[in-house]
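Structures are listed in the sections that come next.
After this come two complexes, each holding chain A, first together with chain B and then together with chain C.
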Partner chain A sequence: MSEKPVKGERRVFMTGNEVCAWAALAAEADIMYGYPITPQTDIMQYWTRLAPKYGRKFLQTEDEISAGFTTVGGVIAGKRAFSATTGPGNTLFQEPMSMAEMMRIPTVVIIPQRGGPSTATVIYSQQEVTMTTYGGNGEGFRIVYSTAGHQDLYDYTIKAFNTAWKYRFPTFVLGDGYQAKMREPLTIYDPAERGIKMVKTEPLVGLPGTPGIHRPAQYLRNTYNTEEELYDVVMEIARDYEKAASEIIEWQDFDTDAEMDVLILAHGVVSRSAQGALPLLKDEGIRAGHFRPVTLRPMPEEQMRRAAAKAKRILVVESAYGQFLKLVKQSLYGMDKPIDTLLRPGAGVTAEEIVDRIKEGR
Partner chain B sequence: MAIRIVLAGEGGQGVQVVANILAESANAEGKEVIYIPNFGVEQRGGVSIAFVQIDDKRIGSPKFPKADIVVALSNRAVNRTLQYVDERTTFIYDDSLVAAAEIDERAMGIQAVEADPRSQRTTELIDESKVKDQVQLPDNAANIIGIPANDIAKNELHPRVFNIIILGTLLKATAVVPLDRIKEAIEAKLGAKFDKNPALRDLNYKALDKGMSLVERLV
Partner chain C sequence: MTREEIALAPNMPKCWNAETKPHKFCPGCGHGLALKMLGEAIDELGIQDKVVFGCDIGCSLLSWDFFNLDSVQTHHGRTTPVITGIKRARPEIIGIAYMGDGGGYAIGAQHLVNSATRNEKVTAILINNTNYGMTGGQMAPTTLPGQKTETTPYGRDPEETGYPTLGPEMVAAIAREGAYVARGSIANLRQLKKYLKKAIQNQIDGNGFSFVEVMSSCPTNWRTNAENTWNFVEKDMAEYFHVGEFKVPGQKEEK
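Moving on, here comes the complex of A and B:
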């Protein structure tokens, strides 16, 4: 067995893309499949530089459809396989990821979101929320972690492999172009030294023994003949998903214990702007709190509702034109709370802009 | 204390190297740092711009509306960075590269509206070919400082250490990291080259000193 890539704990200063490559190494990922697209390409570049030193593999495919399917194939072969894509590449990934939902394939895909629709910008956005949570012709049986910075990228890339393999759902680390390209300090560590045990992987086909005699038969199917057959399968996935949801959901809340004039709802890197806005709002005499869902799928609905119940108004802030807002409305359905918005598709949001929006709304 | 810096220039001026060394050394000093290089679809020919934030506590949004210090190293860089300037900003530009307009073009615009456009043509007032290459400096900055870094590099040192002069200027202006940390970061980046050619080390440190001598501490 080759040497561990990360030993002990180390403070480092690197780009988010490099962080993802190190995290995948530390998580004992066996292979990355990928097709280049900005701002994701550096993950592949760092991986291809680092992976051979630790006996890990890489395959560049001819496009993203193929990158997605080869990732599915790698997992079926029992490998801790992952990929990374964004924007139009994420669009093409929806076909293989639907298959992963149906066949319960624990793929891991890192998505540093870029601007949309279409080619748009290679810079930054939060416009791949709908596609990553509910894309493809499926029911959104996926797990999506929305990261807010480099420590998150490291922690949740490692965690994504374990969540995927434990619950057997395709799992996504949803970042953005800022996080991909910027450099900031973080601590990288050997997961084992922090008591994080990597969930064991195993092949999903070609198991030893005779099916039906030595072991149950493996039915890896994404094609069904009758409505009833499909209905039973999808309902079983839905039940498994809902059962697992309470164990998977993660969130953070800030100043949400007391009554609030306004509760800011934001995810990902925009959550940092919301956190930055809180002391500024306090100076203005405005009682504000912030709730950040870390998992967008499954959504920590109860926790969000509990925070919302204590606020007079809600402000939803995102770098998209209402994709997160849609998830919020779905979560807060039936609550009588006015919702204001600060929607900036494809553009960053600063703490100052959030403060201005709240003052303007008063 | 939080310091927000925008650094912009033409590709090849070494703007990202300066931002990188500054960010690395602030990190080594134990500060919180976010450094974002700009990146567009164009591979060549755009204005290169770097955003650096340094703070004692965790930094919020990677983007910021206004900077404490803006450094602009070309006419286009001046235009690109005006949006980050407000009444608290120190605006540093290279006055051997940036041709600052002496006539306020906006004031001229108002005159042109007031005058009868059929009888009054701007060509009669000024030499347009000259104005075309000039750029308006911000009119709302706390300080505007012109430094002849490019001329100094060319005439006194070496054109290649132009960006190290800028680094020295930034270091002095912000006092955000000690000189030793900057030197460590430079050694980490260029140490191998220095070992092959020790004269380079001397040249770079001279450029750093020169840059530091051009301004006072501002933040």
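Moving on, here comes the complex of A and C:
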């Protein structure tokens, strides 16, 4: 039972959903709560096959509202608890995640995005960016990693647990249906052997000793009586978030050192099309670079602005109708840069399409 | 102690947090009595160090710092899943979910139904005062036929809005062996405490889901004086909602 699920390093060829289940096991996740929805369901299916072998638990709930709130319960009980959902399920998750945001509950949720709005498709999209970064009746005090492939899924699922428990913000691994269902080669590993120490969990309720006698009782709440009281609470969360942001942000840049005719901004799996477009554009004599934010919340704004400053124009590419574009505009506010777009809601983007878009221009 | 001190010493359960008393429920509200019986039940079972108390939104919210118990205030209707999540993660904890009739029978009905179906080893306590108290007295799932509320100003018409939810009867029908289901009333506190104790003991014994509905009073929104408040709880409500145990583990059920 106590045997480690992943020993040493192992080269594997897996679907992204299988990768997430292995990553959660390797990250010493204690319990998963979830409700089936395509293309997320296989994470649960792999987890339910693997978890009992390593003494981990699972609860299939009645809906995603319950999956979110039971995950919150598992975390406040002091366990490394997580869930996975997508699309309309992600919509229902916004209620429990707003509670996690307010009460600093380090939940981890994996989201392989599907098409939207509504039921839409079970295939692929990047249309849950707005909801995952700024959803619920909250202020976006969340951490969102946008993964671009299977190695990312493994690395950032493990990392999500540590970021969540270190900084105490709900943390999301934002993938997509392509990554969920595709197989790719990657290396899975025991985090400890790579020097990754799992951040210790601790309970918020069910502490040792009798409350009121040996220690004060724990009173966890999300309701406040006055404007001033709430203002102080939210501003404290905001300060903590801003302080942690510089330690959390991650990004990648490609060919952004020199002056550029165009800087391609893309995140997640679309970043790979952007990376693929760079040599093709070079052949055409176009000087192009690419900037990929790995964290969408918090956003690596300074780094994006530095890259943008060296480009004549910006091209924003995404599988949504401007959700990432909004975050880009917010980050580049005040810069005098023309922004072109290639927006394909719920549809994939190839490197060639990006090249064509740049050539047709302006 | 002087005579005055003896005379004034409030008779509070040990697990109550005296610093948050007097509590904030309206005069004549039944929540205080239900929470007193719950407190005495916890004292008598000697489990103050093992309970995690969850409270819902609505008037039940006012119990968030009521006890010297680790407590979590959740969202409207979501106390049952939060307590379920805690219990699944840490089975040694005794999880108590405290809610109103809106939280249990309307917005959180799916959680009550499915927790009962899965026989979750938690204890849910639901206060039935036939209206939404915190928001100012609107129709609840438990509002009696003909009863006037802010959203049924001419009286609840069952043709339009259905009949009051019979919660314990529903839970007893869907829960399997091991569940404990009862309906008590603030009009019979000794009996209510017995039910609450059995509902918690049933969780301690690991038998299954435990559910107690408590018929309670809301004179503020009912706009009733003391006499009419009591009449409403003891007579009008009791005619529709029957007190008793609906499911007891080990007890043979009549078909």
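In the analysis below, the second predicted complex is superposed on the first by the 349 of 362 C-alpha atoms of A that agree within 3 Å, B and C clash if a C-alpha of one lies under 4 Å from a C-alpha of the other, contacts with A are read in each partner's own complex, and residues count from 1 in each chain.
Going forward, contacts are C-beta pairs under 8 Å (C-beta built on N, C-alpha and C of every residue); 3 or more make two chains touch, one makes a residue touch a chain.
Predicted model, so just to flag it, every value in this text is computed and none were measured.
After superposition onto chain A, the modelled positions of chain B and chain C are compatible, with room for both.
Of the two partner chains, chain C is the only one touched by A:212; chain B is not.
In the overlay built on the shared chain, the residue A:62 is in contact with chain C alone; chain B does not reach it. In the superposition on chain A, contact of A:130 is made with neither chain B nor chain C. Using the contact criterion defined above for the overlaid structures, shared-chain residue A:269 touches chain B, although it does not reach chain C. Once the two complexes are laid over each other on the shared chain, residue contacts for A:48 go to neither chain B nor chain C. Once the two complexes are overlaid on the shared chain, A:252 sits clear of chain B and of chain C alike.
Comparing chain B with chain C, more residues of chain A are touched by C.
When both complexes are overlaid on chain A, the residue A:31 reaches chain C alone and has no touch with chain B. When the two complexes are overlaid on their common chain A, residue A:76 makes contact with chain C while staying clear of chain B. Of all Cα pairs spanning chain B and chain C in the superposition, the closest are 26 Å apart. Across the superposed pair, chain B and chain C touch chain A at no common residue. Of all residues in chain B, those touching chain A in their complex are 20, 23-24, 27-28, 32-37, 39-41, 59-65. Taken together, the chain C residues at the contact with chain A in this complex read 15, 17, 48-49, 52, 57, 61, 64-65, 67-75, 78, 81-90, 92-93, 110-111, 113-114.
Considering their complex, residues 30-31, 33, 57, 59, 61-63, 65-66, 69-74, 76-79, 81, 95-96, 99, 203-207, 209-213, 217-223 of chain A touch chain C.
By the touch rule above, chain A contacts chain B in their complex via residues 13, 38-39, 121-123, 177-179, 181-185, 269-270, 272-273, 275-277, 348-353.
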